[in-house]
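Just passing along the structure, written as C-alpha cells.
Order of writing sets the labels: A, B, C and D. Residues in every chain begin at 1.
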Amino acid sequence: MEVNEEPTNGGAAPESAAEATPASEPTTAERPPRDASAVPGRVPAPAVEVAATSRPMSLGVQLEMARLTPVEVDHPKALYKTLLPGVMQVPADYIIAAARKSSLWPMTFGLACCAIEMIATYMSHHDLDRFGIVPWPSPRQCDVMIVAGTVTKKMAPAVKLLYQQMPNPKWVIPMGACATNGGPYTRYDRVLQGVDKIIPVDVYVPGCPPRPEALMDGFIALQNKIMEERNQVG
Amino acid sequence: MSPDEKDDKPAEETAEDAAPAIGPVADLFKTALPGVSLEAAQGALDVLITIDGKDAHQVLETAKNDEALAFDFLRNLSGVDYEDAGLEVVYHLYSYTHGHNVTVKAKLPSQDPRIQTVSDLWRAADWHEREARDMFGIVFEGHPNLVPILLPEDMLDHFPLRKDVPLAPLEEWQGEQLGENMANAGHIPPGSGFDVTPSAEGE
Amino acid sequence: MSLPFLWGVFGVNMNVWLDAFVRLQLVVVVMTVTVMGLIYLERKFVGRLQMRLGPMRTGPFGTLQSIADALKLLTKEDLRPSTADFWLFEIAPYVTFVPVFMTLLALPFMDGWFVRDLQLGLFYIVAISGVTVIGYLMAGWASDNKYALLGAVRSAAQLISYEIPLILGVLAVSIVAGSLNLNAIILQQDTVPNLVLQPLPFIILLTAILAELSRRPFDIPIGESELVGGPWVEYSGIRWSIIFALTEYAGLWGFAVLGSLVFLGGWEWPFGTRSFWGDYDFVYQLFLVFTKSFFIILTMMWISATFPRLRIDQLMSFCWKILLPFGFFQVIINGIVVTYKPSEELRDVLLFLTSSALLVAMSLAIYLATRQPSREERVGKLLASRSAQ
Amino acid sequence: MADMTTEHELDTIDVNVNIGPQHPATHGVFRMVLVIDGEEVVDLVPHIGYMHRGAEKLSENMDYRQAIGYQDRTEYLAQFNAEMCYVQAVEKLAGLVPPDRAQYIRVILAELNRISSHFMFLGAFGTDLGVFGTAFTYAFRERENVLDLFEEVTGDRLMYAYFRPGGVAWDVPRDFKERVEWVCENALVGAMDLDKLLTDNEIFIMRTRGIGILNAQDAIDYGATGPVLRASGVQHDLRRAEPYSIYDRFDFEIPIGTNGDSYDRYLVRLAEIRESVKIVRQALAQMPEGPILPERMPRLLRPAAGEVYMRCENPRGEYGIYLVSTGGTQPYRLRIRSSCFCNLSALKHMTVGHYVADAVTILGSIDIVLCEVDR
C-alpha cells in the first residue's frame, strides 16, 4: 500500500517536514512486526507502521489533538521602556535584569521522577535557596515554570493553563528527557513528545533524571540568558 | 507457612511431559463448583484455572463466599489480548484465612468482549475494571460507573494496549522550528503513523 | 524632645503639618529598610534552622536578596483577572497595608520621639489593626476565585476571633499602668518590666500576634498545602508584594515593638530615666527597643519553622475556650487588685502572684484540652522508647 | 405568610473545590474534586491518569533486559524493590537461580531503598501538615546518605537498572560493608530526629490521630496492602507470609497499628525503618563471597512460554508483576499491579466526613507515587 507522500495543502507545512519521514518500505503484514530478531538488546528503528493509516483516527484522539494547540505568546512592552528616555534604558535594563536573575521563583510543579530530583535540589544538600530561588505554590507569583517529568496529553491542557496564568516575564525549564522530547516514553501515543510542542521553552535540562547539579546548571544558564536578553524582554 | 504446591514444582523447561503436580486449590475448586467446566494447570507460582467468560461471576462468587476457599483479597485484575485467541480477564486471588493463592482466567471473544462485573464482591475491582475497559475495551456489565480512569474522559473508542494499536511515530524535533514559526509546533508529518486530515489540525 | 539639635540645625520652626510629614517620612524609611531586613533575616534564619545556607549569591552573603526581590516584583506584570471586580481588586492591597502602617504612628521608639503622642495610644493601635480584615475580605471577594473566597472567609474568622485576646492582653497591662498612653506605660516600668508583673497577658499577646499575622501555627488562610495562597492568590507583582510581604513583615515588626514596649519595658527598663550620654542617650534607648523586639521576632520565626498547622476548628476552639476566659479573669483580677490601692510593693507582689497563678491554670487547661494518651499508649510496642535506641 | 412564622430553612449549596493536578499537597499530578459543605467534605471524586505513560505497552515491544528501566521509572521511590520483583518474575519463567551473593546484595539494597522511601514519606507528610521545610530537610539529609551509597554501587542516583535476570550487573565496591554500616547508623539517628520533631508534637497528634480511619475489613476489601493495611491491624507482610528471595533467613518483627488512622500509618512506617536496618545488618553479616551471575547465562534471554504473577513487599504495599511470555525475546504481556492504585481507591471511603485540611492529611498518609498509580 502506497505511503501517501503529497505534502498537506495550505502550505503551512515547511518542505523540511516532508522528507523528515524515514524512507520506509511499505510492509504488507497487517500486524506490526513482532519478533525484533535483529541484534539482541537493541530495538531496530521499526518501519513506519503502515497499518495505522488504514484505521480511521478514533474520535477521542482527534478531540485531544484539538486541545493540544500551542500557546500564543505575546511580549508586551515594559512600562519603564516607554517612560525612560533611550539613554537611561541601558542601565535600567541592567539593574532590572540583575534583579530578575537573582530572584527567580519557580512554581512547585513536579510531575514524575524528575520532581524527586527537583525536591532534592531545594533541600539542604544542594541548596537552591542560595541563588534566591524559592518554590512558590501559586502560578500568579512565579517567574519560572520547571516542567519536571513526562507531560502526557491528558496533562497538557493543565500545563498550558498554568503557563498562561503566569505573569510576564516568564521562563520555562523542561527538566529531564521526558519534558524535552518524551524521553523513554516517547513512543507511546498518550505522551506529548516534549513540552515545547505547547509552550515556548528557554533552557532544556538533559538527563533522566538530571542530577541536582544539572538543574542548578540549568538555572545558571537561565540567569545568563536573562542577562543577555535584557533589552528584548518586556 | 507457604502453600505446599510451590516447593514441589520442578524447573519447568526441563520436562515438558512431566507436567508439575497441580496444587490442592484446584481440587477445592472442582468440589465447590461441580457444574462448571474448568481446566486447571500449574503456573510458575500459583494454580491457573481457565473458565469461560459467561460463568466467571458464578465461579468468583463461590471463590469468595465458600468457606473452604475464602478468597477475600482480589490481588490483581488484568486484561490480556491474545489477538486471534480472543481476550482474557485474569483474576489473582489470595485468602488471608487459608493463605493460598489462585489465578482465575476468563476467556472472552475478541470482537465484543462482555463480562459480568465483580465489583459487588470486592471493592478493589472497581478501579481495576475501569482500567481494563480503558486498555482493552472489555465491557463490564453492572459496573457502577464505567468511566475512563487512565485515559481522558471523552476517549471512549481508543484502546492503547490492544496488540493492533501501533507505537506512536517519532515526531520531528520541534525545538529550532519554534522560534520563527509557532503555528507548526505539534505538526505530524504526512505519511507518518497518524492519518491526520489537514482540517483536524485546525489550519 | 530629645532631638533638639536636629530641629535647631534646620532652623526651621515647623508648623504642625510639616512636622508630622517629616516624622512620617522617617518612619516610612525605617519601616521599608526593616521590612527588607526582616525578609532577608527570615530566609537566612529559617534556612539555618533547616541546615541550609539561605540566600548567598546576590551581594555578599546574599544581603541584596530582598532588594532584588522587591525590584523584580516591581517590574512584574500585575495581572488582573478579567472577571474580577475592578475597584475592589485595586483598593484591597491598600486597605490591607495602610492600617498596619498607621499602627506605627503611635509607637514611641525613643524617650521623647514619636510621630504623635496619643493619650489613647494603645487603644488606637488595637483598633486600627482590626481594619486589615476588611482588606482581606475585599481581596478574597474581588478576585472571583473560589480558593481566594474560602481563604478570605477563613482569615476573617481567624483575625476577628483573635482580635479579642489581643485587646484583653493589652487591657490587663493598661489597668496595671493606669493609663492607655504608651509613654505612661513605659515610664511606669522603670523598676520592673510588666512581663514580671503580668506573665499571662504577655503569652496571650504573643499568641494573638501570631494569629493576627497568620504566621505558622495559625496560617490557615495561606495554608500552602490546603487552599493555596489565601485571599491574595490572584494578585501578582507589586500588588501581591504589598499585601503579602509588606503587610506581614511590617505588622510583625510593629507588633514586636509594641510587645517590647508594653511588656519588656521598652527603652526604660534596665537603666530607668538616668541619662548616660546627655543628648545622645537616644542611641542606647533605640538599641534597647530594637534588641528586645528582635528577640520577639526571632521567637516567632523559630515557632513558625517548627510547628505544623492547626486545623480551623482547633484554632477557633483554642481562642474561644482558652485564651478568652483566662483573658477575662486576668482583667477582672487586675481590676480588683488595683482598686483596693494596696501599697506599692504589695501591689506588685499581688499582681505577680495572681498572674502567674492564672498562667499555670491556663497551661493546665491547655494540657487537659489537648491531652493525648501517653507515649506508651500511643506508640507502645511500635517504636521502642527513645532511650532504648 | 405561612413561612414567616416557621424558621426559614437556610439552604446552603455545596461548593466543589478542585484540588487540581498542580498542587503542593498532591505529590505529583493527582486531582480530586471535593464537594464541601462549609469546611466538611461531603463527597470526593478522585481523577487519576494524568501520568499514564504506557510503561506496560512499551515493555511489550522491548527485550526482557530493556524493560528493567521502566520498573525504576514507574516506582521511582523504591526502584530496587520494583526491579527485584520484575527480575524474579523473569527468573521464575526462565528457570534461572541467582547465586547467593547476588541474592544478599539484592536484599540489602532493597531494604536500604525502603528506608530512603520512608524518609521521603516522612518529609512529604510533614509538609502536608504544615512544617513546611523542616521535616523535609531532616528527612532528605538521611535520604542523601542512602542515595550516595546507591550512586557508589550502581553509578546513578535514582534510575539504577542494576538488578539483572540471574543476579546483579556487577559486584559491589570493596568498602561496601563499612559504607552500609555507616548509612544504617545515620538512618537510625535520622529516624530519631524526626521522631523527636513530630511524634510527640501536640499539634501533629491532634491533626493526625483519629483522622482517616480504615478498619481491617474495609482495607482488605479495597485491596489495600503494605503500611496502610498493617496500620489497620492486619498482620500481613509478604516477606513473612510468602517469603520470596532469601527473606526467610532473617528474623524481624512486623509493626502493626491499632486503629488504622493517619497517626498509625506514620508510626508503622517510622518503625519499619528500624526493622529494615535490622534486616540489612543481618544480611551484611551473612553475605558470602562468590559469583554474582550464574555461569551459563543465555546471551539472548528467551524464557519458556507461560505466565507468572510475582509479588514483592514494596514500601507502599504489594507490587506485583504479571508476566506472560510466549517464548519470544519480548514479554507478551507485562502487567504492573501498583500498590498505590488500590490504596488510593480507599481515599474517598476514608475522607468523607472530615474537614478539608484532613483530606490533605489523609492523602499524605497513604503516601502515593503517581507514576506507579498511573503506570
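Everything that follows uses one rule, which is that a residue touches a chain if its C-beta (ideal position, glycine included) is under 8 Å from a C-beta of that chain, and two chains touch if they have at least 3 such contacts.
Quick caveat, the model's predicted, so the values are computed rather than measured.
K.L.:
Which interface, named by its two chains, has the most contact pairs?
P.N.:
Pair with the most C-beta pairs in contact: A-B.
K.L.:
Measuring centre to centre with CA averages, how many angstrom lie between chain C and chain D?
P.N.:
43
K.L.:
Averaging over Cα atoms per chain, report the distance between chain B and chain C in Å.
P.N.:
61
K.L.:
So, what's the distance in Å between the C-alpha centres of chain B and chain A?
P.N.:
From the centre of chain A to the centre of chain B is 34 Å.
K.L.:
Touching two or more other chains, which residues of chain B qualify?
P.N.:
In chain B, the residues touching two or more other chains are 151-152, 160, 167.
K.L.:
For chain A, give me the residues that contact two or more of the other chains.
P.N.:
In chain A, 123-124, 137, 154, 187-191 touch at least two other chains.
K.L.:
Send over the residues of chain D in touch with two or more other chains.
P.N.:
Residues 23-24, 49, 52, 54, 57-58, 61, 136-137, 141 of chain D touch two or more partner chains.
K.L.:
Which label fits the chain touch graph of this model best, line, ring, star, complete or other?
P.N.:
Drawn as a graph, the chains match no named shape, so other.
K.L.:
Which residues, counting only chain D, touch chain B once they are in their complex?
P.N.:
48-49, 52, 54, 56-58, 61, 92-95, 218, 220-223, 234, 236, 241-243, 304, 306-311, 318, 320, 322, 324, 333, 335, 337, 341-342, 345, 374-375
K.L.:
Which residues of chain A touch chain D once you look at their complex with the stated criterion?
P.N.:
Going by the criterion above, the answer is residues 34-37, 40-41, 43, 107-113, 115-117, 119-120, 123-125, 137, 139, 149-150, 152, 154-155, 158, 162, 178, 184-185, 187-191, 208-209, 211.
K.L.:
Flag every residue of chain B that touches chain D in the complex, lowest number first.
P.N.:
Residues in contact with chain D: 2, 11-14, 43-46, 48, 72-76, 78, 80-81, 90, 92, 96, 99, 101, 103, 122-124, 126-128, 148-152, 160-161, 167.
K.L.:
Can you list the chain A residues touching chain C in their complex?
P.N.:
Per the stated touch rule, the residues are 76, 78, 80, 95-96, 98-100, 102-103, 123-124, 127, 129-132, 134, 137-138, 140-141, 143, 165, 167-169, 234.
K.L.:
Provide the residue numbers of chain A that touch chain B in the complex, in ascending order.
P.N.:
Residue list for chain A touching chain B: 3-10, 12-14, 16-18, 20-21, 24, 30-32, 46, 48-49, 51-53, 55-66, 68-70, 72-73, 153-154, 181, 186-191, 193-194, 196-198, 200-201, 204.
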